[in-house]
Amino acid sequence: MSTSVISPAELADSLRTLRAQTPLVQCLTNIVAAQWTANVLLAAGAAPAMVDNPEEAGVFAGVSSGVLVNTGTPYKETYDAMRVASAAAHSAGTPWVLDPVAAGGLPVRTAFAVEVLANRPMIIRGNASEISGLSGGAGGRGADSTAAPQEVLDLAHELARSTGAVVAVSGAVDHITDGERLVRIHNGHEVMTRVTGVGCSLGGLMAGFAGVSEPLLAASAATALICVAADNAVATSQGPGSFAAALLDQLALVTPEELEEKVRLS
Amino acid sequence: MSTSVISPAELADSLRTLRAQTPLVQCLTNIVAAQWTANVLLAAGAAPAMVDNPEEAGVFAGVSSGVLVNTGTPYKETYDAMRVASAAAHSAGTPWVLDPVAAGGLPVRTAFAVEVLANRPMIIRGNASEISGLSGGAGGRGADSTAAPQEVLDLAHELARSTGAVVAVSGAVDHITDGERLVRIHNGHEVMTRVTGVGCSLGGLMAGFAGVSEPLLAASAATALICVAADNAVATSQGPGSFAAALLDQLALVTPEELEEKVRLS
Amino acid sequence: MSTSVISPAELADSLRTLRAQTPLVQCLTNIVAAQWTANVLLAAGAAPAMVDNPEEAGVFAGVSSGVLVNTGTPYKETYDAMRVASAAAHSAGTPWVLDPVAAGGLPVRTAFAVEVLANRPMIIRGNASEISGLSGGAGGRGADSTAAPQEVLDLAHELARSTGAVVAVSGAVDHITDGERLVRIHNGHEVMTRVTGVGCSLGGLMAGFAGVSEPLLAASAATALICVAADNAVATSQGPGSFAAALLDQLALVTPEELEEKVRLS
């Protein structure tokens, strides 16, 4: 695994820095995942703040360490807030993450996601269908992917090159690319898809890590942390309910040393 | 219990089909129960999607297997989305479930619930006060019922006959009727009322089962599954917090065979 | 500890009354904490109802036992609902609690919180930065406090005297004052800050207790209950996820006698 472009030690350092600095993460996300995303960020060591109204979203993006824009349940007012926040983040140099939930499957939000690409997200995170949909291809079924990351790898590389963003495609094996370099993470477990908002919260974690590390490392560290935490949590849980609680525990308990030891990169 | 109009074996078959087909369930629900409802559906084996804005709700209702309309925290935009989704579901033949939260107690949402009856829900689900309220009678206290299902049974039968919907009244004993046939389910536990959104999520489950079974069976299978899962969960929990996690576990763990064996019908 | 202006026995009596009367608590709160707040109220023994739209909020405030107004994720429509609900509560004599989330840090919501002071909240609850911000001082970092309760004690006393409200400042030691008398509660644990919405739910609990006890006792009983429950929950949990579940369990399990025995007042 020595061939990976990012080393386990770099991931561990990024987690160390996150916990030392507690980055402030502004989340503009959906009503389903808002609580879970805040709890994931708190457990991992970041400070979430859900400022998602148009009057305050821009000011706050200027003082945040990272911003998440997630299109899970968009309304007129939160669309406006996402526009304002992403523009303000771009102006202020605050890294922001775009999670284009259900892009490709629903034309209105696909168009919105394409529109805010102009505000230059540092990371674009989605499942294979969403990355395909954002690139003009077919979408998935609701929020679920109907494809695997490796099937959209060419689209992901192309999207990264055309937008300048790191593109992170989640799935059984997570694929993360900046258009040239590719990081694959082999941890994680199928039960993660049986708890709502795990993917959404990963976008929040990426925004937190982007406040302390460069984008490719940030997206990789966030993914590695939640996947290693999930590996641990599966071992002590009986089903999706106890798994969700154990996952939050593990996000707080996994040490940088443990992350370095357990992450499986290629 | 051999006199029941639905057999335990039919309930087991319905669960088998749900897990085999993973129906896509569009949920237009409240900010309190959205996450919990998604987790209940995922645990049971369905695929939730919370598409609740007016621009996308109609298109999505056309491709969903079932739709939930729940009036827990309605706003102007979500009311519009519920109108669009229920009309589109009716046009497309997608089964949809109406959960008229707090009907009878609050005139605005009572009027809304009565209005969308024109879009022919396949199942109407509520507690006794809500079913009474929707029928023009007295409502309850907030989202809580001040009556028991058996007290509103005549109203439920009448509502079923006048709307063509199956009417499911939750309580210590759940009562489900299509206007002629009556299914009573005797499982479940009082602690279910100490976790917010359990009733709301039952409406979501019914929408999922309605995607794979006829309405009376769908409403019964959803109720039986969550009540048997609750019976199991109570045995391993200390209070409402650990019960909630155990309930999600059990929704995934209960097998069709176990459901058939443990359900108590009359 | 015999010098405290409120006795442990009075706190126990307040909890006894809450559980006997199950006060109906209307919550106008944020999308992050709505589910958690409802679950905290249900576990403790109150009846939550999230009626937060402008058309229904006023009527409902008139029939509720207590009302919570929390500015965590305000939108145009929920701001309107909060105005209507707080005015109606004032008119009807329903006690209401103001939780001015992020006041001081964000001008729009600070102005709103100052505006609704005219509707005479019975309790104002916040962290030290929010109490400072509401008093015209500096705010915190997002929803997090950058000060300790004792640092803003003069401001809290002054705010209590100028508004007629009890002011409750949460922190490592909770400080609660009516402008003359001061109650300090020394229970609780740092992990409470690693679960989102614990502070928000405390505001909801205060609204519930205010339905059965006078404001200084209500704010103290709510704080004591959640802090003693947290002390118990920490003992059986591994991290923030299992702690959250255990906290809900303990809110239901802690008896009035246990509360009286374990609370540490000064």
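Letters A, B and C name the chains as they come in the text, with residue numbers starting at 1 for each one.
We take it that a contact is a pair of C-beta atoms (placed from the backbone, for glycine too) under 8 Å apart; a residue touches a chain by one contact, two chains touch by 3 or more.
By chain, UniProt protein names: A, B, C = Hydroxyethylthiazole kinase.
It should be emphasised that the depicted structure is a prediction, and the values quoted were computed from it without experimental measurement.
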Chains in simultaneous contact with chain B and chain C: A
Shared interface numbering between chain B and chain A [over half = same, under half = different]: different
Cα-superposition angle relating the copies chain C and chain A, to nearest 5°: 120
Whole-Å gap separating chain A and chain B, where each centre is the average of the chain's CA atoms: 33
Multi-chain contact residues (two or more partners), chain B: 31, 35, 244-245
Interface residues, chain B side, partner chain C - complex: 30-33, 35-36, 72-76, 102, 106, 108-109, 141-144, 193-197, 237-242, 244-245
Chain C-facing residues of chain A, complex: 24, 26, 31, 34-35, 38-39, 42-43, 47-53, 55-56, 59-60, 77, 244-253
